[in-house]
Structure formats: C-alpha cells, structure tokens
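The structures come next, written out as structure tokens.
Paired with chain B in one complex and with chain C in the other, chain A is shared by the two complexes that follow.
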Partner chain A sequence: MNNKDKLLTIINEVLEGTQREKMSKIKDEYNLRLDIGFDSFDLAELTVRIEEVFDIDIFEDGIVETIEQILIKINEK
Partner chain B sequence: MKNVLLTGCSRGVGLVITKVLVSKGYTVYGISRNLSNEYKNLMNSFPKKIKFKSFDLSNVNDINKEVFKNYIPNSTKLHAYINNAAIAYDDIITNLNVDRLENMFKVNVFSPLNIVKYAIRNMIFNRNSGHIIHLSSISVHTGYKGLAMYAASKGALEAFSKNTAREWGERGIKSNCIVAGFMETDMSSTLGDDMKNRIFKRTSLKKPTDLNSVANTIEFIISGNAKSITGQNIHVDSGTI
Partner chain C sequence: MKNSIDKIFYLNTAQNSKVTYEDLFFFIKNVNSIKTNYSFTNTKDFILNFLSSVFYNVDINLHDLNSLNSKIDSSKKLKNVSRPKSLEEIIIGIKTSKSKIKLYTSGTTGQPKEIIHNIKNLSREVREGDKFKNNIWAFAYNPTHMAGIQVLFQGLFNRNSFYDVFELTKDQIINILHSNGITNISATPTFFRLLVPIKEPIISVKNVSLGGEKSNNELQKKIKESFPNAKVLNIYASTEAGTLFSTSGNYFKISPDMREFVKIFDNELIIHKTLLGNIDKNKLMDGIWYKSGDLVDVVNKETNEFKIISRKNEMINVGGNKVNPIDVESIIDNIDGIEKSYIYGKVNSVIGNILCAKVQLRNSDLTANELRKVLMQKLPIYQIPRKIEFVHNLKLTRTGKLRRYL
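Entry: the complex of A and B
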C-alpha cells in the first residue's frame, strides 16, 4: 500500500467512527474541511491516527488544509 | 480492564488513590520521581495491576515521549487521567521568587495540561469516553495567607477543566476537579499547629479532610455510576466555610 492509500484508509476510519459514508478515492487537491467535511474534532482524530501509523504530528507546526499538504509531510519524514 | 494514569502515586493522597482503584479492579499506571517503599509493596502485592514510571513533571517537553510513547502508547486504552502530583510553594506575595514560581507552574499546570493533550488523543484513538480528574485545593475558593501562588496554579486547573469539559463533551470525554480541603500529608507537614488549628476552625467538621473520602470520590466519578457529572468542582473539604 502506498502512503496515499494508507491515508485513504485512515480517513475512512474517521468517517466510519461517526457513521458517515466511506470514500472510494481521494485527490491531492481535496480540502479536508470543504471536500471531505471534517470538523475540528475529526481533524484531531485524523492527526492521532496519522501519528500512530507514520509517527508524525501533522498539525504540530502550522495549518494543514489539503490531502497534498499531508502527503508532503508524510513523505518528508 | 480499565487503565488509569495517576501522577504523584508514591506518597500521600496518590498512594491512597492507588489502593482504592486497585481494590475496584483498575490498573494503575503510576508516576512520580521516586519509588517509595509503600508503593513498591503495593506493586509486589498486585504485580499486574500496578505499574510505575519514574518521571519528573518539571520536564514538560518530554511528556509525549516518556509518559505516552514509552509508557502508555495508544495500544493501552486509557480510561482516566488523575492529575494528583503537585508541589506547594508557600510564601507571602512580597517574597515571590520567579524561579520557584515557574517550577511550581511546570509541575502543577504545564505538565498536567500537556498530559491532558495526549490523554485526550489516546481516548479519541480508542474511541473511549474517558475521564480527566484534577486535584484542586480549597485555597482557590477560600484565601489563606501564604498560599496565593499555589492557589493560582490550582485555579488555572479549575478553569482548564471547565473548558475541557465543554470542548470535549461531544466526544464523551469528561473533566472534573476534586477540591480537597486540608489533609495530613507531607505537603502540609511544614504547617505549624497554630496554622493547622486556624484552618480546621474554618471547616464545618473541625477536622482535616479524610484521604479515603477524596480517593473514593474520585473512584465514584470515574466509575460508570456518575456518567452525567462533568465540568464540576467537587468539594471534599470537611465543609470549609
């Protein structure tokens, strides 16, 4: 599984936790709030789940708004 | 199995909390700088139920790594965090020493707040409606000469707790403060009889606060029997007036 697929799995875990429909794919330009519909609690859960898998806290230094920005942080690690 | 992170486990109230929680089937993850003989004996009696990590809470920045990744990782589902460790800096305001003040705030406030950050992260990872309990002090509500700086650190916790309850209630996470009255522990051992008597006179029961009643109140709050209690300051203080 590449990092983008792993990220999709994590996003779906967050969506499932609140009984929302899973996504079949994500695009780099997707905005986490506007396109995926995450609120600040979802983003907190997303951060925790990403940290568990990739050992990186995506919100530690600055704001992350899109899938691409997350992937850059993960790949930089 | 319900896991509880308890700071200040080695002595005083922390030791009594450990005994009460273990007797009710909880697993206690204790933290303090020193492993006391009393705590060691408890560990020997309940080897699987009582853990210990030596950590100095003045190291605010090491919390994530030492307290969580190396001791309570996400695979350990956290049921409650009990912020019990604290130091009391006792002096009149005109003698305020900034270094001592800063160290007290690190131990009493900054580290506990940082622990709450990671405790909530553990709880959302595990989708667990957990509890946060802070040990506050009656000095926040009833002034005492010499306790202004200490009381200020506890007042900060009460404000933080109220807001934690508001912010995370939606995810089922609860936060409460136990406002303890004067108890006979090492912390209060430096007070003279005269001062102690003046403190007792301000209580309805004219007695020090019983450590067991503090520990059992905490156990009640984190048990399934108090599900609707959050954002509260619960006074266990011999009726201080």
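Entry: the complex of A and C
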C-alpha cells in the first residue's frame, strides 16, 4: 500500500468514527475542510492517527490544508 | 447615527448573509417571537434572536452546538411591548436589560453546571469611546459561549462591524482579514494554531486576544510574526465570572479596583460572588468566595502579579471547550457491555488536547466505532473521545481513585 492509500484509509477511519460516508479516493488538491468536511476535532484525530502510522506530527510547525501538503510531510520524513 | 445606519453589523461570506445596522434595527423593531431555548446552528440567526431577547428583557438559555438539552423548542411571543424608534434606543435598551442569560459549563464536583448571568456582568469589560469606534472584528468564537457574547457586546456598543470567520478554512480567513481591514481578533489558541504562520503578514490587525485555554510562547511568537502591528493579550476568563484579567506577557496582574474581589488563597485564585453569575451559595467558600480551581504562583507581592501554574480541577480543555472526564466516564460506564472507562487528554498540536478513552468491556465485542455511534446520541461532539483503546484490566492503572495524567 502506498502512502496515499494509507492516508485514504486513515481519513476513512475518521469519517467512519463520526458516522459519515467513506471516500473511495482522494485527490492531491483536496482541501481537508472544504472537500472532506473535517472540522478542528477531525483534524486533531487525523494528526493522532497519522502519527501512529507515520510517526510524524503533520501540524507541528503550522497548519496543513490539503492532501498534497500531508503527503509532502510524510514523504519528507 | 444617521451616517452609520447602513454600516455592516455582521457579515458571513461563507453563508452569504449580511446584516447592516439598519437591518438590525428593523429586525428588533419588528420581531414577534423570540426563541428562549436557543441551540446554536447559525450565527446570524443566533445574534439577531439573542439581541432581540436582551432588548425586550426576555430570559434566554444558550446551548452549545449539539448540546444534549438543546432539542427542546420554546419561544416567547412579544405582546404589548414598547418598540424601539432608533438604533440608539436599542443599544441603550440592551445595556440596561434585565434579561437573565443562562450559559452552560461542564461541571466538576462542587462546581455549577448552569450559570445565570445578567447583562451587567456580561458587559462588564466592554470599553467604549472614540478609540474603539473604528474597530473591525473577525468574529471567531462560538457565539453561545461567554467569550463570544463579550466580543459581541464590545463591538455592538461601539457600532463596529463583525466578519464571521468561525469554522472557516485558513485561506478563507486570511482572505477576509486581508480584504476587510480587520483590526481586532479575539479567539481561542486553537483558532490561532490553525491559522498561523501566515505568509503575508496582516498589518491592519491592531489587537489580538487569546482566551479559553492555555497559550504558549511558541504560538505567541507566530502570532506576532503574522500580525506585526498587533498588541497580543492573554485573557483569563471563566464561564462563572467572565473576563477577569489580561496580560501581554506570561504574568497576570490583579488591578487595584479588582483587589477587593479577586484574591489568592492558599495559592488558589478565589473570586468574590459579586463578580459571578447566579450560582449556588453552598458552593462558595464562607458563602462569599468562589474557588476557581486555578493554582497560581505570585511573582511579585507588591504589584500583585501572578502566573497560572495549573488547574486544580480535572477539566480537559479540548479546543477551548472544557470537558469533565468524570461526566464522560459516567456516560460511557452506563452503556451495555462496558465494565469501566477512563477518559484522559493527550496533548495535540491542533486543539490543545484530544480526548482519549481506555475502555474495559464486559462480555461484549463492542467496537470503537459502535461505541462512538452510541456516544454521538448522548454527548456533544467535543466530549466524544477521538481515540478509544480497549484494555483488559483498567483497574491496574488506578490507585483507588482515578489517576489523571494531564
């Protein structure tokens, strides 16, 4: 599974936990709030789940807004 | 007033809603019915309903987003009331209102769940004058909370404009700040954590205030870089007493006129009952003093400067919302198939603390998602644990009493 697929799985875990529909795919340009509908609590959960899998706090030095920005952080690690 | 009646009072670009001072006047002049048990869904509706209730001296209960008690609909029809003839009259009516505003706070042992405030208390910190009349606000608080109401009064009494940025994306917020010459932002540290750093500093902002949760130097530094012309203030406030102090550094100071009402007893900040909303007298020390639960370190006895060290109570601050772990545990423990639960906060870079649970099951194969589904029917969203871990024996981690590692 590549990092993008892993990220999709994590995003779907957050969506599922709050009784929302899972996504079949994500695009690099997707905005976490606008396109995925995440609020600040969802973003907080996302950071915890990403940290568990990739051992990186994506929000540590400021906010990330898109899928692409998350992938850059994960790949830079 | 003639010149400013078409001035914007409230604008929400995301929802495409706009209220001028003229709209506000006509709304309040003509309103026939007021929702008295208000559950927040939409800021514009909230503000119009809230200000109408205050103007017509109607008591109102303000509930949180997704709050448990918010489903009860009740309203009051206005009959034979004196209608305002000008905006000026409305603002005077609001300032002198006899309305009682019921706010909710997460309770912990010995502390109130409901706090009833009068308008005098809620507007105690409002400053008026020429210095404030050109302020333009980014409205960033949940308006049903104490801080949101205080900002609303501060702006309204000075006929300022509000641009709503609550729950918007970083780009949307920056765009609003840049294009409307915003001068004032008052918000939680969580709001700023999601906003800064900003590539192109916003020079119009003159005042930034942070309240509701603990801030830190790193965040303050990023805020100062993003708003180079702003004075940055930390506010100490509570649902029980409203805003009490502010500071531009790490130390708070009890001002001379507050010394009779705020004291430090046994390293704990205690607040005189006259500064509080209507709370149960039995919960006060000597029937007079409210124990805030905040432990402080006095750094200068002469100037009454102090630093907040820790919160004695066990509330977990989740993005500016205070969560009582004991309340959440008791809800979870009452669900079928659950032996015992343990709620704690884990430091999080987005919302300060993320709520986590350790759960011990009893002859059950409940999953984390199923548990969260049940909790969504019972708790407001910020009180639902985002990380749920099932453990075999929870008691091993405890020493008779719940141990918390905050």
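Structure notes:
Rule of thumb we're sticking to: the second predicted complex is superposed on the first by the 77 of 77 C-alpha atoms of A that agree within 3 Å, B and C clash if a C-alpha of one lies under 4 Å from a C-alpha of the other, contacts with A are read in each partner's own complex, and residues count from 1 in each chain.
The rule is simple: contacts are C-beta pairs under 8 Å (C-beta built on N, C-alpha and C of every residue); 3 or more make two chains touch, one makes a residue touch a chain.
The model shown is predicted, which means the values in this text are computed figures rather than measured ones.
Of the two partner chains placed by the overlay, neither chain B nor chain C lies in contact with A:35.
In the superposed model, A:17 makes contact with both chain B and chain C. Applying the stated contact rule after C-alpha superposition, one finds that A:68 touches neither chain B nor chain C. Judged by the touch definition given at the top, the superposed model places A:59 against chain C, while chain B stays out of reach. Touch counts on chain A: comparing chain C and chain B, the chain ahead is C.
Of the two partner chains, both chain B and chain C are touched by A:45. Chain A residues 17, 41, 44-45, 47-48 lie at the interface with chain B in one structure and with chain C in the other.
Across the interface of their complex, chain A is touched by residues 74, 120-121, 124-125, 127, 170-171 of chain B.
Contact residues of chain C toward chain A in the complex are 167-171, 190, 193-197, 222, 318-319, 346, 348-351, 354, 368-369, 372-373, 376, 381-382, 386-387. Chain A meets chain B in the complex at residues 17, 41, 44-45, 47-49, 51-52.
Residues 16-19, 31, 33-34, 39-41, 43-45, 47-48, 57, 59-60, 62-63, 65 of chain A are the ones touching chain C in the complex.
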